[in-house]
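Think of it as A, B, C and D in the order they're written, each chain with its own count starting at 1.
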Amino acid sequence: MDEQLKSELGRQGVVATSLQELYNWGRKCSVWPLNFGLACCAIEMIAATMARYDLARFGAEVFRPSPRQADLMIVAGTVTKKMAPQVVRLYNQMAEPKYVISMGACAISGGPFKQGYNVLKGIDRYIPVDVYIPGCPPRPEALIDAFLLLQKMIDEQRLTGPNRPRHLNADLPSEFIVPEFGAHDLVPPQNPEVWKVPLVNISIAGKNESGRD
Amino acid sequence: MNLEEIKSEIEANVPGCSLEIIPNGSPSGQHSLLVDPDHAFAVAGFLRDAANLRLDYCSNVTGVDWPAKEVSTKVKTKKVVDGVEQEVDEVLKTQSGGYLEAVYHLFSVEQRQGPVVLRMRTEDRADRVHLPSLTPVWRSADYQEREIFDLFGIIFDGHPDLRRLLMWEGFEDHPMRRDYVDPDDYEYEPTAHDEVLKRAKEHLSAEGGL
Amino acid sequence: MTNHLYLPVIVLLIGGAGFAIGPIVLAWIWAKKFSPQKSGPSKNAIYECGLESTGDAWIKFKTGYYIYAIIFLVFDVEAVFLLPFAVAFGGFTAAESIDMLVFLLLLVGGLVWACQKNVLSWT
Amino acid sequence: MSVLTEAPVDLTPSQSDDRTDSQLLEVSMGPQHPSTHGVFRMDVALDGERVVKLKPVFGYLHRNHEKIAETESYLGCMPYTDRLDYICSITNNWAYALAVEKLAGIQVPERAEYLRVITGELTRLQNHAGLVGFLMQDMGASGTPLMYAFREREKILDLFEALTGARMMCNYMRFGGCRVDAPAGWLQQAQKVIDAFPRFLDEFERLLVSNEILMARTQGVGVVSREQAVNAGISGPMARASGVNYDLRKVDKYGIYDRFSFRVPLGENGDVYDRYMLRVLEMRESVEILKQAMRDVPSGPIMDPNTKTRGFRPKAGEAYGRIEGPKGELGFYLISDGSSNPYRFRVRPPSLINLTLLEDMCLGQNVADIVIILGSVDIVLGEVDR
């Protein structure tokens, strides 16, 4: 079933798809986000669903309040340390397949409130994130662009084979540890399974100040 | 009604309270009234119910942390130096601070009066940090005093429900104090520089180097 | 199979059941083959706005709710009985309409008792 | 026949809530809840449908503005004020700029004052429009009124974007004026939006004000009396709904508000309906102010030439400046010790203090009414938790 034959058939009104394309097409065009706004980015998320930017064109305007019926969690706003256990528990309670869009600089890395004592420096310390949207707050068009990116990612998922997505793979975990409230900070401060710190070449001897080799 | 009249009026009506006017250096001219904690509750009740004051609207309650610090001020003193009378400026070391402070901004809705600033100070910053709560007088101080207790550690006696307002229950220290040490949550940055580089080094050396 | 009297009804029944059961069975087979079951302690926990839910939901409610529900049920069922009565309203003899009247008055009597005991009023 | 004379068993449910037969249901309308406009949690104890206890829990969006401000310069704190009450960023900037001007005694040129009034009142319009939309959504009209409200809000956000470069985080004010002058054609565009706004208000009023469902659900719900409001420090439209005649634009006469003639609407019985009507009427007053301000905007500099914003070191001292924000009295209490960083940067959050009476308003109401009462208080979590 090469492309040329498929497009030939397509012109004559015969749609030839594989089961996987049909499955992915069905799922990517009805991603239901969880009704979960944290801060300023939530207002831009609401503005994206309103008449002018209209997220409904991409099948995502149904904001489900309960995690059981949602398959996308948009972390829109600053995740504080007091809110982190709730975010991770909500993520655990969502049904597979589930995706995470980390919207705004605060959800990616703490954003302007990075030095805050009560601010978690990015939600990808506890849960795997699929799409990052920089910006503070990112414009509604940026959120729609993230949806398109997410839809492209869902489209490329394979049904079988070694690199099939997490929800089709039995031994990949679908739950992550929920941090506890410690005396001074969250315990554990990050989830080592998810948060792999790339090698930071800071020479302890402090020869080159800028931290590069 | 400037501050002196208010001060004299309070001293007339609330026996035995010691008031002190703290001048304010900025051109805003909002001088404040320091009240001693024992009579603060009586003064607050009087300020709210006095006929000509009627300060019935407590708009803002703020906690301020003044750690103890050396203040060296240059003082011009006359000194006899080898028999000659001379102007010599001497460095005077005075201790200032070393207490926690609660500042109340009071307004009158009926008489449209400007801010009357009331200050209360604790004895020290370690264990004697008790202050009388003014929530029974002005209900608006309820959450703000809980926030000061949470972030500064001033314990308000007589507060109906003194719990932490913003941090979680098990949190132990008071983060808004000047000597609060941040938890060491490692900030990964590809090109770490100055402040973040220092923290990254402390973190990495604490973790046994790289 | 001459055109059996009830043939269309049976076909319709099977078609309807097929439409209902079909996707469920398909989804079940799909889940069995492709997407594995990944339930865990945190996923099966009770969802309460992101918090760990404390307290129990099986508690004793005010009796008013129960009585309200029962009265609603009675009049709901009565409405079902009224349907054929309304459809065949034209050709009724005196006896049949008296029977229907007795049925109606019995239930209206029940409603009057409930209102008089002000069960339905809610503080 | 003694049985007959026995008193009939009383089957009716006892109207008084005696504890014996029904237990309380502890439920938390928690951080992630469609009705809480953000991460705000209320631990509610319910007797059937009636609220018996309600304890709000804060802190889920405590982003430490005040701690971070102590390590920032005065100018550096200005963008943080955008993110306090992230729906009306320009009035936050205005309150902070006003406090610093009081702290350092800076004058503001005429044109800057007019631009401040214009952008401030536009912010109030889009905040109240948004609130009315969200309040209808809490009441069950999911989506449609919010669509209309956000359509108007988008027009105003376009104006802000044209003027300051950002839709929501304008960072527009500076100590002694505004950051940038109105570009060519901006004032005409703003005039068009202002002229079109009353049509939206008439449309909203025709649809909603005399709507029976709205009146049935909001009248007499969540009542706050006048003394309670003043004692609990409630300010802004919520206080005026209970009859407290205290509008800082008339009381403090900050900026140039004494040059405009506008009325201050007051409510009588302080319930959710009055608060809703207050916002609708205040939108009309804001349109009046805007018309007068647009009519006589002078030309001239927009920054006081002799204030330097870079190395700005006010003298040691303190100042408390406040404005009439869309949510209430938004104040900044700044203590400076002569250095370039504020020693203490305190925000007086109207949203948090307006919530003081939340439990008093909700006791005895139904669960569905909590959602409306919270919606009528108009809280934004960035400002509540700071």
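Please note the rule applied: contacts are C-beta pairs under 8 Å (C-beta built on N, C-alpha and C of every residue); 3 or more make two chains touch, one makes a residue touch a chain.
The structure displayed is predicted, hence computed values, not measured ones.
Across B-D and A-B, the chain pair carrying more C-beta contacts is B-D. With each centre defined as the average position of its C-alpha atoms, the distance from chain B to chain D rounds to 28 Å. With centres defined as mean CA coordinates, chain D is found 45 Å away from chain C. With each centre defined as the average position of its C-alpha atoms, the distance from chain A to chain D rounds to 32 Å. Among all residues of chain B, those that touch two or more other chains are 166-168, 175.
Counting partner chains per residue, chain A has residues 82, 86, 90, 115, 117-118 touching two or more of them.
Touching two or more other chains at once are residues 30-33, 59, 62, 64, 67 of chain D. Judged by the touch criterion defined above, the protein chains form a pattern that is neither an open path, a ring nor a star, and not fully connected either.
Chain contact summary for the complex, chain C toward chain A: residues 34-36, 38, 40-43, 45, 47, 49-52.
Contact residues on chain D toward chain B in their complex (touch as defined above): 58-59, 62, 64, 66-67, 102-105, 228, 230-235, 244, 246, 251, 314-322, 329, 331, 333, 335-336, 344, 346, 348, 352-353, 355-357, 385-386. Of all residues in chain A, only 66-68, 85-87, 89-90, 92-93, 96-97, 159-160, 167-170, 174-175, 178 touch chain C in the complex they form.
Residues 30-34, 38-39, 59-64, 67-68, 71, 79-80, 83, 86-87, 146-147, 150-151, 153-154, 157, 167-169, 381-382 of chain D are the ones touching chain A in the complex. Those residues of chain A that touch chain B in the complex are listed here as 81-82, 110, 114-115, 117-118, 120-121, 181-185, 189-190, 197-200, 202, 204, 206, 209-212.
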